[in-house]
Each structure stands twice: as C-alpha cells, then as structure tokens.
Amino acid sequence: MDNDQGLGRRRWQLAALLSAPMLWLGVAYLGALAVLLVSAFWTVNGFTGEVVREFSLQNFRTIVTEEVYRNVTLRSLGVAVAVTAICVVLALPMAFYMAKVASPRTRHWLVIAILTPLWASYLVKAYAWRVLLANDGPLDSLIGTPGYGLFAVVIVLSYLWLPYMILPIYAGLERLPDSLLEASADLGARGGRTFRGVVLPILVPSIFAGSIFTFSLSLGDYITVQIVGGKSQLIGNLVYANVGAANNLPFAAAIACVPVLIMVVYLTAVRRSGALEEL
Amino acid sequence: MTRWVLRSVMALGLFFIYAPLLLVLVNSFNGDRTFGWPPHDFTTQWWSAAWHNGGARDALWTSVKAGLGATAIALVLGTMVAFAVQRFQFFGRDTVSLLIVLPIALPGIVTGIALDSAWRSVIAPLGLGKGLFSVIVGHATFCVVTVYNNVLARLRRSGVSFEEASADLGASPAQTFRYITFPMIRSALLAGGLLAFALSFDEIIVTTFTAGPGIQTLPIWIFNNLFRPNQAPVVNVVAAVLIVLSVLPVWLAQRVAGPEAGASRT
Amino acid sequence: MRHKLLMSALAAGVLVLAGCGGDGDDGGGSGPGGLSVPKVDKLAALGQGEGAVNVIAWAGYVEDGSTDPKVDWVSGFEKETGCQVNTKVAGTSDEMVTLMKTGEYDVVSASGDASLRLIYGGDVAPVNTDLIANYSDVFEGLKNKQWNSVDNQPYGVPHGRGANLLMYRTDTVKPAPTSWGAVFDANSPYQGKITAYDSPIYIADAALYLMKTKPDLGIKNPYALDETQFKAATDLLTEQNKLIGEYWSDYTKEVQAFKSGDSVLGTTWQVIANLATADKAPVEAILPAEGATGWSDTWMISSKAKHPNCGYLWMNHIISPKANAGVAEWFGEAPANKLSCAETADKNHCTTFHAEDEAYFDQVWYWTTPLAQCVDGRTDVTCKDYAAWTQAWTTIKG
C-alpha cells in the first residue's frame, strides 16, 4: 500500500472516529460547563428575576469572604475523604476474597451479590437507613444509634458507594497473576507483607479509580444529607438551594465552581497513575 | 487464618450491604405508612397498590427507554473513542480519557445545571424543548466512560494481529469488523453497556435537571412518591421488585460473557 | 411532592401584597413599581368544547387514576365534556411561567408568586366568573385577593389553602405550647428534638413571631423585611439552630421523626399531623397565638388558549364540590368550594383543615416572594429579596 495514501486514509478514519464523540463531549459538554462558569460572573436582578449579563466578582467575593462557605466546603471535603477511606478499607479485603480466595463458582455469585444492590433505588436505600438509624429503630435496640447528623451521612454514603469501590479493585486483582502471590510467599513473605509489598502497589490505579466515584459522588450529594443529615448541609445543598428555589443560577454556578475545582485538581493528580482507565 | 479473617470480612460486608435491603423488603409488608419500627401489622395492601399503580409502570417504561437510548449512544461513542485512542497516534490523545471521565467525575448537580442552562439557551429556542430526549442526552454524556474503558482494555489486550491476518487473507474492512473485531470486543461491549444502563437507571440528580415537564423516570417517580406518606410504602415494593428483577440482567451478562463481564471494569 | 411545590411557589420574582388572608382590601389597577396590567379580553360566552385541554399542574392536582385507581377526578370530566385532559406536571413556578409563555397550554394551577407574574406578563386572561357556575360557592375569603385578581377582576379561580402549624408530642412536651415562643426558647428542655421547615421562607415564621412580640422592630408584613428587621429575624434563627435536631422538607420524613421521637416540637402541616395521628403517634397541631404562615393556589387560563371552552369547563370542574373535595383530601389542604365539605370521604375533612373557618385563615400570612421593593408598600427603605433570604438561610444552617 502506498504510504502517503495510507496515511491520508488513516487520518480520515481517525477524523471519522473522533468527530462525533468530540463534538458531543468536547464541544457540547465542555461548552455547557464553560457557559456555567461564565454565568458565575453574572448576577440576578432581584425584581425581575432576569440574569444581568455584566461582569461582576460579587458572587465569588461572597463565597470567599463569608465564613459559612468555607466551613461547608471543608465539611464536604471531610465527608468525601472519610467516605472514600471507609470504602477502601472495606473494599480491599472483600475484593481480595472474591478474586483470590473464593472458588470460581462462589466468585460468580459474589459478583452478582455486589452488583444487584446497585439496581435498588438510591433513594429507597437512603430512606431505609433513616429508619435503621431512628430513635428506637432497629439499630438503636441492638447497639445504639448515632442519630441523624454528619456521622450518619458518612455511614450512608459509604454504604451507597461501596460497590463502586469493590468493582475496580476486584477487576485489578483479577488481572494480578496468582503466581506473583505465590512467588512472594515462596520468598518467605507473610500474608500482610505480600499484601503491602506486592498487591497494594499494583492496585493503586484501581483504588484511585474507585475513589473517583466515591469522592465525587459524595462531594456532589444533596439528597442523602437531607434524609439523614439532621441539620447539617453540604456543598451540594447550597448549589441546589440557589438554583432550585432561589432562581439564582449565577450564584449557584459560583458555588459549583468549588467542587469542580476540587475534582479537576484530584483528577489531574491521580491521572498519572493510570487511574482514569481503570474506571 | 488470613483466609478466615477474609471470609468473615466478606460475610460482614455482605451483611452490611443486604441488611438495609432486607429492611426495605420487610417494610413493604409493614402496615405502617411511614415505616414505623417495629412493624405492628402485616399487610399485602402495598403490593396490590403497586400492582395497580399505572404511574409506576409508566415510569419504569420511561426509565427503560432512557436507559436503552443512553446506552446505545454510549456504546457507539465509547467504542469510537476507544478505537481512536488505541489504534491511532494523535495530538491530545492523553487528554481524551480525562475528557471522557469528566462527566462522571464532576458532581451530578454540576453536570445537571450546566446541561439544563445550555439546553434552555441553545436548543430550546430551536424549538426542541426538554423531554425524554434531553434525559437521554444527559445520561449518555456520563455513560460513555464505562463503554470506553471496557473496550479500550479489551483492545489493548488483544492487539491487531487477527485483524491484520484477516485483511491479508482478503477480507474487506466490513468483513473483518463483522467476523473478527466485533466478536473480540463483544463481551467488553456487554459489560460496558450493562453498567451504562445501570448508571442511567438509578440516576436522579442529572435527571432532575434535564427531564422535560411530564417526563418521569423511575427514580423521579420514587422521589415524588417517597415524600407522600400515602404512597411511600408502595415505593418499598417497587424497590424490592427491582432488586429481584436486577439479578436477571446481571446473571445473564455473566452467562454470556463470563464472570468478568458483569464486573470487570466499573 | 408538596415541599417542592411550596418552595418553588416562592421561587420567582413576585409581587404580592401586604395583605394577609382576611382583610380583602386589594391593590389598585397597577402593581408595585407602577407595573400596569396588559389588556386582555375575557371570554364572553361559553361555546362548544374543543375536544382537549392542555393543563400545567402541580403533582397531585390532576389525578386520572394512574397513581391509584380510586383517585380519579379526570376520567369522568373527559367522558362528560369530551375534553381530553393532557397534563404536564411542573416542578417549579419558573417552569410554569416558561411553559405558559409557549402558548401551548390552556390552564395552569399557579401559586402566589407565579400568578402575579403571569397576570403582569399578559400570559393569562381575566376570568369571566359568570361562565363558571361553581365560582359562587368559593369561600369569600379566597376571592379577589392580591395574588389572584386586579381591581376586583378575578384572574383565576381559587383552588385550596393551608397553614403552617405548630406540632408537638403530647407525651413529652408539657405544658402544651400555645406560642411560637416554644421553638425559639433558648433554654428549651427539648433541645436537639426541635424541628423547623428547611427553606429560606422559614425566615418569615421568625419574622411573624417578632412582629407580635417585638413591636419596636415595626414589622408589618413578615415578607417585607428591611435591613434591621431581617437581621433580627436571622439572629433569632441562628440562636434557634442550636435547638434544632433536624430541618424537615418532606412529609414522610417529618411524620417518621415525630413517630420515633427524633423530633418532638416544630412546624408542620395539618396533613402531616393527621398522618402521624393515623399512625398512632401522640401528636397535636395548633395554630399558635401569633398566627402562622401558609399557602394558596389559583387556576388560571392562558390569554392564548387554543381550547378556551374546555379550559373554562376544566376550571369549573376542578372547583366543583366533588373534584375539589377529591384534590383537597388527596393533597391534604382546605378546599376552596364551600360545598366540597359535604363531598369529602372523611366527613370531618373540612373541620380538620378549618376550611370554613375564616377567622382561622385571617391569622394566616400566605407565602409571598420577598422582593427588594417592600411588599408592605414602604418606599423609604429597601427590603431583602429572596436571594438574600436564601443566602441568609445558608448562613443560619452553618
């Protein structure tokens, strides 16, 4: 095949493959995000409810100067980190058992057991936790309940996102050859040592991949907080309150910049590990 | 010993996952309208109410349509990008995966309000208001990543030798795709598509902002009904039915594509 | 979902007036800020139905049996009039206004804020009440109010109303409270078990309390608060935050909290109190000495209606005793039609919801969107608008 001609054809093929997805994600989606970002610099006329399209830093000034926004941001970050940590701690042994200990037949059923709860509505599960955690509820009569509040939010969010952490770790472990574990054992490493020295480093991208789910889903949640959060509020609630009820899209957009910034920083940080391809 | 520890953690983990679901099932027979504990009366009235609830059936159907639409788009777009990234060298290749991950990595409320305001200011003036289609668009945006990652991983593992052989033996590109490439990525497509469908099926935040008036997906229906005490127990029934029904596609996918299809890559 | 409805009822820019429920002295021909009403003709005579009517409504207002086969006030209307009812359920007042502007819809169930925007925007037509036989049976206390009429010309038919009450557990809260002071008492023995409505509009509840207990502040309308008044109200709520166990926003959540005892004292709706009682929770709901905040909705017809006759037939039907009773019971509010009280399945519905008790509703300040132009008519000060209320609510919750 003529090389030049081949190159030209490949270029056409590439263009054909990329144009639609890039139009969708690169132009439409990024465009929508960009418009949202721009609108954060606008304000709303209180009388007509119309957006005033004049550049203003007022929204950002409010967010930076008012203490409450800093507190809520830190609180939301804390919740997201705690949820991610709990999910990792629970998911590692579970995924390890599934991938390396269970018989193939059991493994098959365990995967189904982890996947099916994803189909039961998120809301129904959150409400079930509200009942579990109630005063005089099932948990209260067994071990006592922490009551509604931030702690309850962390528990429920960890519950909701746990499968999203188990699955990538399980997939990562499945690809890990058994011979590697055996070799480590042959060289005299004990279980814990093998895990820390051999398994964990290989799993890092998978853990990061799972954490993208648990971290971002926790950071953006506003419904679980309403159900079990007592009187606490997270950053998602602030965005929702301003866009939903107050009709103040510019201010909501300005608040939304905070989690976007956090996630972009986080994604860039974990990207080098290859985590993005483990999702 | 480690084995025993692992086994108990697994058992505890499964208990942690299933105890609340069990509560949902118990409460679907609870005579109390707001999930009082412990249940006083046993009743099957919620099950019969759910059976006669046309709204729930319509919402389920809407969700299935939205899920299928979003999955179809994600399958096409995700596969295209995966091929482009794996089979070609081009400028900006490294940022593509970042771009694809972005819609699912950013909080749903951000994606939701961004798409909502863009739709209102750009597409609505063209005469296409928000409806089921805008829900499909919103869902497809964050579903592409699941297909992309599954197909990409498969392409990496399998290389191009079979396709080259096929071409050398005189097969047309269409034939090669039909007989070599597609069978090779079929289980990856199934795994990615299943996950895309599941993501779409239980999505509520992006849906809240992209659904046109009158469009009710199942999660939106649940949201609207959970907060009306007369209807709240019916929601438990629907959730219980969903859990049971969901075993089917997951099990089927595992049969068709081997254990990794259901799970392999989230 | 009620909370969404009520919250969104406040969402938009609205021009509602100083008046609370009872006084009936309506504003003049032009609105605040000198807005004038576009001239739109009302339907002169009722003709043949057009075969369809396109409706925008809140969830729960137009039930055709698809939620529960027994809950159906649409199928009969369709059979009787030949008007096929096509419903769009709207989530917010903004959405209602946007949809009405498309001209594709005939009637809308607008809340206090949307209704005035629609009137001043020329999107809805004045209503010829002579063509709506059931209008004469609507409670006088709901007719010709500032949110549904201009210059005594009705722009819609009233649908229903309700008040935000004070609920408490009778087994734990003793003595029984009679004032909103109970939820603001810094030394409350019920600290951590008090609940409040999770919306910026709850600031009006604090303002109402201050209006009655701190006359020095000069609050005349809980929705028109200047700088000083607003600060007093938000300070009170910041103090109250220490007492709060949780804020509630949907009714399942509140009933459940009162049943389990997670909450023992706080704001409620009548329907929530009834449900809690039905589930055997020992609760009582009262209208405290200071009065209360509340809500009221109106059915309006588009100025560009393609099916005006079916639209009128619908407005007549939805406030007919049977249908109005059905909605009121399903939704949990006081019906607008006097005769509905004889049609409710629960014969005590009207008594429970105080439907016929005008003295009761005289004490209710219906939800109104706060604007920078004080809705109590003051022109020498600027009031805090709803965006400011929202940001203050964020700060109060911390």
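Order as written gives the chain letters A, B and C; numbering starts at 1 within each chain.
Definition applied: a residue touches a chain if its C-beta (ideal position, glycine included) is under 8 Å from a C-beta of that chain, and two chains touch if they have at least 3 such contacts.
Labels paired with UniProt names: C = ABC transporter substrate-binding protein.
Here the structure is a predicted model, which is why all the values come from computation and not from measurement.
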Which chain maximises the distance between its CA centroid and that of chain A?
C
Between B-C and A-B, name the chain pair that shares the greater number of C-beta pairs in contact.
A-B
Distance between chain centroids, defined by C-alpha means - chain B, chain C (Å):
38
In whole angstrom, the CA-centroid distance of chain A from chain B equals 15
List, in ascending order, every residue of chain A touching at least 2 other chains.
127, 131, 134, 136-137
In chain C, the residues touching two or more other chains are 250, 252-253, 256, 260
Among the residues of chain B, which ones contact at least 2 other chains?
35, 37, 223, 226, 232
Over in the complex, which chain C residues touch chain B? Could you list them?
1-3, 56, 59-60, 65-69, 87-91, 95, 99, 102, 250-253, 255-256, 259-260, 275-276, 278-279, 330
Using the touch rule from the top, collect the residues of chain B that touch chain C in their complex.
32-37, 49, 52-55, 58, 129, 213-214, 216, 223-224, 226-232
Given the complex, residues on chain A that touch chain C span 44, 46-49, 62, 66, 68-69, 71-72, 127, 130-131, 134-137, 147-148, 226-227, 229-233, 238, 241-242, 244-248, 251
For chain C, which residues count as touching chain A in their complex?
7-8, 10-13, 33, 92, 94, 198-200, 241, 244-247, 249-250, 252-253, 256-257, 260-262, 371-373, 385-391, 393-395, 397-398
If we count contacts the way the header does, which residues on chain A are in touch with chain B in the complex?
10, 13-14, 17-18, 20-21, 24-26, 28-33, 35-36, 39, 90, 93-94, 96-98, 101-102, 104, 107-108, 110-125, 127-129, 131-132, 134, 136-138, 159, 162-164, 167-168, 170-171, 174, 191, 209-210, 212-213, 216-217, 219-223, 236, 239-240, 243, 249, 252-253, 256, 259-260, 263, 266-268, 271, 276-279
